[in-house]
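Below, chain A partners chain B and then partners chain C, in two separate complexes.
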Partner chain A sequence: MVSEELEWLNSYGVQFLNLFQKETFYQSFSQIDKMVSELQTLTIYLAFSANPESEKQIGSWLRDNLSTEIVMDVKLDPSLIGGCAFIWKGVYRDYSLRSKIQTNRAQILTSFKTFMAEKTK
Partner chain B sequence: MLTLAVALLSILVIALLSFIIWERYRDAHKPLPSPSPLTLENAYKVLDDSIKKSREIISQAEVEGSKLVTDTKFYTQKANQTYESRLKQAIDSAQKSQLGVVSQSEQHFTKAEQVFEQYLQTVEQNTRQQLDGLYQKTAAAQAQYEDFIKKLSIATQQAQLQSVETAKQKVDKLFEDFEVKLADFLLQSEQKMMLAVDLELRSARQLIDTYKVQQMNVIDENIVAMLEKTLSLVLAKNLNLKDQMDFVYESLEKAKAEKFIV
Partner chain C sequence: MAVQEVGYALSSNDFLVYLDGMPTIRMNDLVISETGLRGWVNAVTADRVEVLLLDEGIVTPGQLFRRTNQNLSILLGQYLIGRVINPLGVPIDGKRMSMDVSTNVHSELDTAAPNIVMRKFITDQFVTGIALVDTLIPIAKGQRQLIVGDAHSGKSSFLIDLIVNQQTNPNTVCIYACVGKPVTQVRSIMDVLESTGAMKNTVVIATSSSDLPPLIYLAPQTAFTVAEYFQKNGKDVLVILDDLGVHAKIYREISLTANRSPGRESYPGDIFYQHSHLMERGGNFKLENGGGSITVLPVMELNLGDFSGYISTNLVGMTDGHLMFKANLRSQGRSPAIDTSISVSRVGRQTQNRMQNSLAQAIRSLLADAEELQTVSFFSAELPKETLLIIKRKQIVEELTRQESMTFLPISHQVFLLGLTFTEMFINQDISYVNRNKAVIIDLLKKDANLSTFADNLLTLKTIDDLTNALNQVVPHLLTICK
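Our next item is the complex of A and B:
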């Protein structure tokens, strides 16, 4: 566990670690805290309990495809079935399987009824 | 009668005179206040004179009264004799004039009877003539009346027949109109009832359809809910981490495509 954390810290490079000197330690934390508070948070609701690897993959995708200045807040919602939902700048939007089912409910119902009708013949 | 009146008058005169004397006597004998001896002597003298005078007056009155009675009797007898003689004369003359009047009256009566008989004969003739004329007129009027009655009876019968016929026609027409109106009314009522029933039926069908749609929607909702539940249970067990991550990447790509996260 300790080795994983060390690895995570080393991933930020020497320049980042040099910020935390004996004289500038508290100042650096305050500065980081201020910078973090200025970052925008993307809340992600997942249908499954994501492991750190999965979270890392999602974070990487966000930084590569959208922006580097996004803080990710991962939460669990099993009712989503699959996929995920987001809260961005106070707006909730659902891109999960549950949402797809609700969008295509008419087609699903028709298919189900057709299936039931064929089965009862 | 006259004698009796004269006697009564005499008695009255006597009574009056006696009353006057008595009044004077009483006035003379009134008690006086204790007179003096001289005055008393004079008074006795006056009283004595008065008594004497009154006796003279009484005696004179008696003489006058007897004379008056005697005169009254004489004149009464004389008046009776005169009255009897005159009454006898009047009765005689009345009997005479009555006889004349009776004879004249008999003549007048005879004449009047004759005139009256003539008048009666004339009246009888006139009456008979008038009666004959009246009989003739009455007979003619009766004949006319009978003729009129016959015509009237015929006309009444005809009018009655016409009335009955007219009434019959009116009743027939009334019945026909009534039948037509009743038929129209029944037809309209039937149409209205049909329309009302149709409307009620439509309303009931609409209600049933609405209820059916509502129930179907509820059933659809339940089916969808059941499907969601089933899918969530099935997929949760069957989807592995890779599949879940694929769904997550798909969601992220879609959010990026919609420019939800910038």
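Our next item is the complex of A and C:
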């Protein structure tokens, strides 16, 4: 076991680790499993691969502003181009650049055509 | 900002997937996975959504499904005529899609049947062109008539004859739903309909046994949705569901996979509802509701002639009559191999005209008398003249109703031909004479305009005596032609 993991386990204290005795092992795990299943998952799609530092920042912002009982699932989706999208309580909300482009597709195309026409004059 | 409902696969079992999420999803909504697998919502519980997959593929727990903004529906239009489609309305006959989509409409597959106010009394006969059916067990426009019988008893060829014969009526649209048939059988049905020209007014909804059960399950619903479209356009629609025994087995498979409680013969408790819910979409409709009719012929194949099975008795209970096909009659050369003594039509007789009805009554009574006397005749060497006459007439009726495949007999010709049983035409001849000259008389009726008019006028008569007297006038002429 690497030292980082040992440090993480020790951070829970002796009282927590004592829950995992021979007699209580299965019961404790099923209780934890039940608690985890009750947690809400927030899936975040990012256009770039977030480093641990960024993930930590997002996580602490969520705990401070939304709830401490939340599971964060960060996924990579380069097709977003920029911005982010997330899934919360079964609803996907797309705040990405891809979504903006798709919404304003006609307008962007018109501007682009006008620009090209002026340039070729 | 784009908003879309999504759900994660909790577990999957073959074609069944349970999803978590999708807070406002409804029954029959379509969902699609990230890998492009489509499915429809079959049940919604407090904590999960039950989805039946329409495409074959592997679903792993945690896989994302998105809600499409569509429900189970198909695109309806005139373009469907002459096409073979799957239950989702996708043409599978290799022909190109129609470019004219201006009149096409989307319609849900699972709609409520029209209520009683939208319906009207059944008054018109659905002419099959098959003498035995039109005379003895008539089918009416808007009737639900079960086609039940053993394997290889000629049910499919009868149904194909029925579709082919509808070419004479331009206002009729035939819809043939193949429910989980072997691919070769589906192909062969398509080829026969194409080669006879019957596809001109036919739509085939085809599912083969290699399709996924949820897709096969939808075939009858699609057939009715297509039928309702044409009925609302004033057409008389014939819906053939071939067969509902397979449909019941497919529904049983889906229900058992979904952990529904099994009932009798392991079928789920709502199997009667599933079929009756379909059957009640048939009927004859008022002009305000389109004015057309939907005649339904569900098919049920029996196992070794066992008529008392769960599904067959259910279907008998929800239809307006049944045609019982028997393999032994077919092996005796009877075509169609319908056992008239145990077949019944509860609606058709009210649509026959008076002459047809009188003739049918006389023939039915003759067949019943002959059946009784035939048993006695085995024990007696010499029979009274009257008994011999009845037995002979029964043989004549059996021979006259033996009809070649793909032949259409108009009602007037049927009355003319069967009416000859009660004249002196065939009494002193043997049965081979009837067999030889039946075709001659039919041919004469087609070619001789005077005789054809005479046959048409027979329909204005009232009683069997009037018919016999009228036919006796032409018997000498026929005797000179027949050899």
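Convention: the second predicted complex is superposed on the first by the 88 of 121 C-alpha atoms of A that agree within 3 Å, B and C clash if a C-alpha of one lies under 4 Å from a C-alpha of the other, contacts with A are read in each partner's own complex, and residues count from 1 in each chain.
In this text, a contact is a pair of C-beta atoms (placed from the backbone, for glycine too) under 8 Å apart; a residue touches a chain by one contact, two chains touch by 3 or more.
As the structure is a prediction and not an experimental result, all values here were calculated from the model.
Within the superposed three-chain model, A:Gly90 lies in touch with chain C and out of touch with chain B [touch as defined at top].
Applying the stated contact rule after C-alpha superposition, one finds that A:Pro78 touches chain B and leaves chain C untouched.
Looking at the superposition, the partner that touches the larger set of chain A residues, chain B or chain C, turns out to be B. By the touch criterion stated above, A:Leu42 is placed in contact with chain B alone, chain C being left untouched.
Contacts of A:Trp61 after superposition on the shared chain: chain B is touched, whereas chain C is not. Taken together, the two structures place residues 91, 93, 95, 102 of chain A in contact with chain B in one case and with chain C in the other. Across the interface of their complex, chain A is touched by residues 220, 223-224, 227-228, 231-232, 235-236, 239, 241, 243-245, 247-252, 254-256, 260-262 of chain B. Interface residues of chain A, counted against chain B in their complex, comprise 42, 46-48, 51, 54, 57-58, 61-62, 65-67, 70, 78-79, 81-86, 88, 91, 93, 95-98, 101-102, 105, 108-109, 112.
By the touch criterion given at the top, residues 1-7, 20-23, 66 of chain C touch chain A in their complex. Of all residues in chain A, only 87, 89-95, 99, 102-103 touch chain C in the complex they form.
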